[in-house]
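Shared between the two complexes below is subunit A, which has subunit B as its partner in the first and subunit C in the second.
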Partner chain A sequence: MHNGGPHGHHVDLLVRTSAEVNDEVLGWTMRTSPKYWLLVFALAGVTVLGFIGFIIKAGNDGLDSHLPWGYLAAGLAFVLTTSLSAPLVAIAPRLAKAHWSRPISRIAEIWSVSGLLVLLVMIPLLVSLPSADDRNTMWFYNKIAEGWPPGAPHLYIALTLIFLFINGMGLLWASAIPDFATAREDASGWRRVWYARLSLGWVGTKRQWRALRAGLGVLGAFYFMFLVFAHTVVSFDFSQSLVPGQRDSILPTWQALGGIQSALALVILSAFVIRAAGGFKDYIGVNQIWSMAKLMLASSLLWMYFWWSGFIVLWYGKTPLQQNLLQLMWFGPYRTIFIMTLIMSFAVPLLILMWNGARKSILGPTIVAVSILTGAFFDKIRIYVSSYSIEDVNAHTLDYVPAGVTPESADIMMLMGVVSGAVLLFALAVKFIPVISLWETREGMLLQEIRPLKKLPLKVLAKPE
Partner chain B sequence: MQQRPTLTEIDINRDLLRPTLATPMWFYGLMMFLFLIVAGALGAFAWAINHGTGVYGLNRPVMWGFLLVNFVFWVGISHAGVMLSAILRLANAEWRRPATRAAEVLTVFALGTAALHPLFHLGRPWRIYWSMPPGYDFGRGIWPDIRSPFVWDPTAISTYLTSTALFVGLLLIPDIAVLRDRSSGMMQRVYSMMSLGWRGNTRQWKLQIIAGFLLSALILPVFVSVHSIVSWDFAVQIAVEGWNATIFAPYFVIGAVHSGVAGVITVLALLRWLFKWENYIRDDHFDALARLLIVVAVGWFYFFVIEFMMGFYPNEEPELSLRNLQLTEWPFNAAFIVFALTAFFIPVPLWLFRKVRRNVALMFWTTVMVNIGMWLERFLIIVPSLMRKQVLTFNWGSYNPSPIELILVGGSFAMVFLGVLTFVKFFPIIPLADAKEGAIMATEIRVGKVMVPAAYREE
Partner chain C sequence: MAGRSIMGLFKEVDEAVEAADKLIENGMDDFEVLTGSPYPEGAFGEKVANHRLYVWPLVGAALGFSIAILVTAGTQLAYPVVTGGKPILALPPMFIIAYEGTMLGAILSTIIGVIFESRLPRAKMGLYDPRITEGYIGLVVVAPDGEEERVDALFKAANAADVKLEPLSA
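Up next, the complex of A and B:
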C-alpha cells in the first residue's frame, strides 16, 4: 500500500497483520473458481494437442534421425530458459538478503514444477540424438579411452536434467515447509492430510528455522550451478556438437545469461497475472516489478553484449567455416527470426526500460517481459532448428549451409503443447502451494518500517546477519 | 554482530582528513621508497630507448611478453573502480561507502600505468603519435585501419581514463570544499579553485547526486568496452592458437572484475592498517566485498572452464599441443598450477568461511594471491600461444624475460601505489560526504527483544 508523505513522496510497504496475510493468501490458494477450471481444461487440451502432434511426427518420421526434431529441441530449450530458470529470481535476492523479492519468490520457485515436462520431452530427443562416435562432444567420448565415458552424451544429459528437476522440487518444498504448516492448521480434508505430511512436523523451533535457512542456501546454490550446467549441456549437445567445426565458446554462457533474462521476464509476467487474478495488489507492488525491471534491463544489455562478442570474432575471422556459421546461425535462412530476436530481446527492453517512468510501473516491465519471452522463443528456434538441420554431423567442417526448416503442423502443435504444458503444471501447483510465501512476507513485515527522517517518511530496511 | 560505531561529523572530518592535513613522517619515507623504484624503472626504460627493443627478451615468434602481460593485468585491475563505484551506487548498496573512492583512484592510476606499457613495448615511444588522430597522415592517403583493435584500444582506454577521472573529480567536490575550509596558503587557493564554489546548498547537492548517477550509468558501457577491446587484440587473430575464441570478451571482463575487486580489498586492508581506520573500513565491509568476490570468482571460473575446455573440444593437433604446453611443460606447468591454486582453489573455499571474510589479514593475503594468479593467467594466455609454430610464422620459439622487463614490471606496481599515496596526501581516500550520509542513514529496527541494524532507504 502507499503511505503518503509530504511533497508527493510515497513509499510502498505492506500493512497487514500476520493473520490477514495467512487468510488472504491461503484463501486464494484453496479456492477454485469455474474460470480457473476453464483455464486448466483449455491448457490441458492444448497440451494433449501437443502430444498428438508428437505421435503424428513420430509416426511419419520416426525417431531414428535427429533431423525432424529441431522444433521439439527448441521447445525443450525454451522451457529450460524460462520456467526452469525462474527459481533464480528467488535464489539470488534471497542470498543477497533483498526484501523486495519476498512476495514473488514463491511464484519463481513454483515454475520448477515444469521440470517434469522437460524430462518427458527429453526422452524422444535423446532417442533421436546421434551417437557420439566420430564427432566432437563436450564429453570427449572415445578421446581418452575407447568407449569412455560410457553412455555419452545421452546418459549425462538425462542425469543433468533429472538432478536439476529434483533440486528444483527440493528447493520448492523446503521453502514451502513453514507455509504448509500454516496451511495445515487452516485446511480440511485431503488438503489437511497432504499439508501435514509435507510440513514434516514443522513447529517453527529455532533449530528448524536454522536448518531451513541453511537448507535453502545450499539448495539454492546447487540449483544455480545445476542450471548453468544444464544450459551448457543442452546448448552443446542439442546444438553446437551437431554443427561440424563450430567452436563457439560463448554460446553456453550466452544461453545461461539468456536464462536469467527470460527468468526475470517470466516471473514479472506471472506476478502480473497472479496480482490481478488473486487481488494481491498490496503484496506485489511497483517495488517488486521495478526491482526486477532493473535487472531485466541489465540482463538485456548483457544479452546484446554477449551476442556481439561472439559475432565480431566470427565476422572478423572470415574463414570459410566462420562465414558458413554466420550464414547458418544469423544471416542465412533464419535472418528474419534473428532480426525479430534482436528487436524483442534487446531493442524493445532498451527503448522501454531506459525510461524510469516505464521501469517504475506495472505495465511497462510486463510489456517488455512479453517481448523478451517472445524473443527467447524465436532465439531457441533459430539456434536449435538450424543445428538440427545439419545432416552429416560427423563431417570435419561445415562446408555448406542447409536450407531453412519451416515448421510442419505437427511441429507447431508440439511447440504449443510444450508451452501450454509448462503453464498447466504451474496453474495446478498454485492452487496447492501458497503462491505468496507466507513466512517470507511476514518476516519482511518485521524487518521493514516507514519512519520520518528530517520530516520525510522513508523506508527503513533491516538486514539481520 | 554487525559493527556500528557512532561517528559524528567532527570525528569523520578529523579521522579521514588526518593523512592530508597532518601527514606523518613515515608516509614521506614510504613515498620516497616507491619513488626510487619508479625512478629505477624509468631508468630502465631510458636504457631500452637508447639500446632499442633488443634489450627485451622478445624474439620471433614471441613478440609479446611480460610488458603486454602487465598491460592486460593493469587494465584488468582498473575495472574495480566502476564495478564497485558505479554498479554499487546504482544498486544503492550501503556497504559500498568506504570502498568507492579507493576503487576509483585505483582505476585511474592502474589505467594510467597500463597505458604506459604499449610505450615501453614500442621501444620508440614517440611513434605512438602515428596511432593517434593527429598523427593520421590523410594528406598522403595513409588511413588508419579502423577495423584494427589497435585503433580501438587507445580510443577505449583514453575514454575510460577521462571518464573515470571526471567521475572521481565530480564526486570529490564536496570533500574538496571541506579541505578548502581547513587549509591555508597556496593549498587553500588550489582547493578553492577545485571545489568550484561548493557551498553544499540543496541545489548543488541535487546536481551532484544526479550527475553522479548519470556518470555511473554512462561509464558502464565504457568499462565493459575497454577490456572487451583488449580481449579482441587477441581474439580476432585467427592465426594464433588459443586466441580465436568467441568467449574472450566477457571472459576478460569478468576476469578483470575478479582481479580488480581483489585489488581494492588489498588496498582497503593497507589503508586500514596504515591509517588505523577500523571504524570506517570495518569487518562488515570486508565481509560484503568477499561475498561479492565469491560470486565474481565462481562466474569467472565457469568462463575459464568453458574457454579451456574449448581447446580440447575440436580435437585438433595444434590446439591440443598448446594445451599440452600449458599443462605439462616447464615452466608453464608450474605457472598453471600456481595460477589455478591462487586465483581460485585456495581463496574461494576460504572465503566461504565467515571468520576468514572478516579477518583483514587473511583477506589481504588471499586477495594478493588472486592477483598473482590473475597475472599468471594473462601470461599463460599470451606467451605459450605465441611460442607454438603458427600458420603465419616459421619457427617455434621460447621466451625469457630480460632484467629490463622485470624492472619495468616491478616499477609498474610501485608506480600505482605511489599514485594512490600521492592522492591520499592531497585528498580524502574515503569520501567524507558518503561517510557522513552513511552515519545519518544508519538506524535500527526492533524485532522482539533484538535490535537489528537497519538503514533508511530513499527510493
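Up next, the complex of A and C:
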C-alpha cells in the first residue's frame, strides 16, 4: 500500500496474508522460464570461457611466477569486495532491528554462495604467490625465514577464505531454515526432499525462534569481523606485500570500506533486477532502495576520504620511493583507470545522490550502483595488476616503475568468467532458496501498520525488544 | 507427568491467546506455541523459552584461541631461534593467528549451537500442521491422562480450526 502526502511524504506497507506471501515468493522460486534458462546458459558459457582462458594462460605462462596472474587476482578481489561483502547489507540492519531491510536481506545473504568461486580462483593464486620469506608481509619480516609462522602466508589466506565461505553459508542456511520448512509443504519431487532435509524438521517453536534470532545475530557479527579480516589479508598478501617499500596502513581499511560501498551497490542492483523479474514491486519499494541509497552516499564520501588519507602521505612525502609508488598506483600507466575509478566511485554517487529526488527513487540509486560496481572493478584492476607487475618482490625499495600490463585475451576471458561465475551461482541459488525472506516478511507485516495522524498517514513500527 | 500431546490450531491470534489463557487457568501453563513467524516473547502468555546459545561461541572461541596459541607458541618453542637477544616467543605475530583461530572456533561452534539449541534435527515432526506457515497458530500441550477430552473441548470453545491428538504409541 502506498500513501502519498505533502512534501513527498511516502509510506510503504505490504498488505498480504501469510499464505499470499508464501504463494507469490515460492511460486517464483520454483518456477523457471525459458528466459531464465537462457540467462543461465549464457552465464555458464561465459564462465566456461573464463576457465578456458585460465587453461590457456596456465599453459603459456605456468604457475611458477606471480607476474602473469594480476588480472585473476583482481577478479578475486572484485568478487570479495562485492558478492562476499553483500551479506553485510542484511547483517547490519538486522542487528540494528531496522524493518526496511526485511525484503532485501535474503538477496544480500544469497550472494555469499559466490564464495565457492573465490575458493576455486584462490588455488592458482596461492600456488603462484611468492614465498613470504625475506620480504615485508603482515606475517612479519624474517620470522618466516625461521620457519614461523608455519605455512604463512598461503595457509592463513586459505583458512581465511574457506571459513569466510563457511560463515556465509552458515548464515544463509540458518536464516533460511524457516523458509525451507514452508517450502517443504508446497514443493514436490526433489525439491521437497531437499527442503525437508535442509529444514531439519523445523516446526517453529518459541525455543527455535529464540535460538534462530540469537544465532543470526552472532553469526552476522562474526561475518562482519571475518570479512574485514579477509579484506586485510587479501589486500596485504595479494597487493601491498608484493610492492617493495609500500607501507600503507590505510589500504586494507579503505578496501574494507570499499567492500561496504560495493555491497550496497550490488544489493541495490540485484534488488532492482529481482523486483522487475519477479514482480515483487509491492515487496521491494522505494523505502528499501532509498534506505540503502543513503548509506551508499555516506560510504562513497568515506571512500573518498580514506583514499585521500592514504594518498596525501605519499604526495607530501615525495621521497624517491613515494614518487615511484605514486607513479605505479595512480599517475603512471594506470592513470586513466584511476581517473575512471574516482569518477565512478565518488563523483557520480555524490553528484546524483546529493539530490533528494534521485536518492528517493528506484532508478537513481540503481544507476549509481552500476557506476560504483564499475568503479570497483577498475579499482581492483589498478591495485592488483600494478602490484603483480613487480618482478623483484624481495627488494627493499621500489626503485623503478614497471610498465603497465595490458590484458591479454586470456586475461579478459578470465575476468569475464569470474564475474559471470559469481552471477551464475547467484542465479542458480535464487531458484532454490526463497529470494525474499518469508518469515521476516511475515514478521514485518505483524509489527507494522499505517495509522493516520490527522490527515497524514504514518507508518507505526513495533519494536518488541 | 504422563499424558498425550494435543494440538489446537487457530486461525486468529486472539483465538490462540484465549485458548492459552484457558490452559493457564486450568493449570496447564507448560504449553508450546508453534508459529510461522517469530512472535514477541510472551505474546501468548507462554513461559519464556531459555537457551544457552551464547555459551557456544564463547567455548568455541576459547578452544580456537587455545589451539592457535598452542600452534604458534609450540612451533617457536620447538624450534628456538634467538634473534638479536630477543625473547623466543614473539607475541605480536601470534596475535594475527590467534585472532584467526579464535574466529574459526567461534563460527563453527555457533553453527553447531544453533542446531543444538533449536533441538534440531527432529527425526519425527510430532504434532504439526502445514497451515502454521500460512499464519495459523498451534498450541501444543501435554494433557494429563484422562484429560484429553477436556483440553479438546477447551480448544474448540476458543474456536480452534482443528484439534489433533498425538497417536498412541504401539
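Simple rule for what comes next: the second predicted complex is superposed on the first by the 453 of 465 C-alpha atoms of A that agree within 3 Å, B and C clash if a C-alpha of one lies under 4 Å from a C-alpha of the other, contacts with A are read in each partner's own complex, and residues count from 1 in each chain.
Everything that follows uses one rule, which is that contacts are C-beta pairs under 8 Å (C-beta built on N, C-alpha and C of every residue); 3 or more make two chains touch, one makes a residue touch a chain.
Computed from a prediction, not measured in an experiment: that's the story for all the values here.
Between subunit B and subunit C, C touches the greater number of residues of subunit A.
In the superposition on chain A, A:F306 contacts subunit B only, with no contact to subunit C.
In the superposition on chain A, A:V203 contacts subunit C only, with no contact to subunit B. Of the two partner chains placed around the shared chain by superposition, subunit B and subunit C are both touched by A:L446.
In the superposition on chain A, A:K97 makes contact with neither subunit B nor subunit C.
In the overlay built on the shared chain, the residue A:K281 is in contact with neither subunit B nor subunit C.
In the superposition on chain A, contact is made by A:D248 with subunit B only, not with subunit C. Of the two partner chains, neither subunit B nor subunit C is touched by A:R31. By the touch criterion defined above, A:P464 reaches both subunit B and subunit C.
Overlap of the subunit B and subunit C interfaces on subunit A: residues 138, 140, 143, 446, 462, 464-465.
By the touch criterion given at the top, residues 11-12, 136, 138, 140, 143, 228, 232, 245, 247-253, 287, 305-306, 309-310, 312-314, 316-317, 319, 446-449, 451, 453, 458-465 of subunit A touch subunit B in their complex.
Those residues of subunit A lying in contact with subunit C across their complex are 17-19, 22, 138-140, 142-143, 146-150, 156, 159-160, 163, 166-167, 170, 174, 177-178, 181-182, 185, 200-215, 218-219, 222, 225-226, 229, 438-440, 442-443, 446, 462, 464-465. Against subunit A, in their complex, subunit C makes its touches with residues 32-41, 46, 48-49, 51, 53-54, 57, 71-72, 75-76, 79, 81, 83, 90, 92-94, 96-97, 99-100, 103-104, 106-108, 110-111, 113-115, 117-126, 128, 130, 132-135. Of all the residues in subunit B, the ones that touch subunit A in their complex are 1-2, 147, 224, 228, 232, 235-236, 238, 244-250, 302-303, 306-307, 309-310, 312-315, 440-441, 443-445, 447, 452-459.
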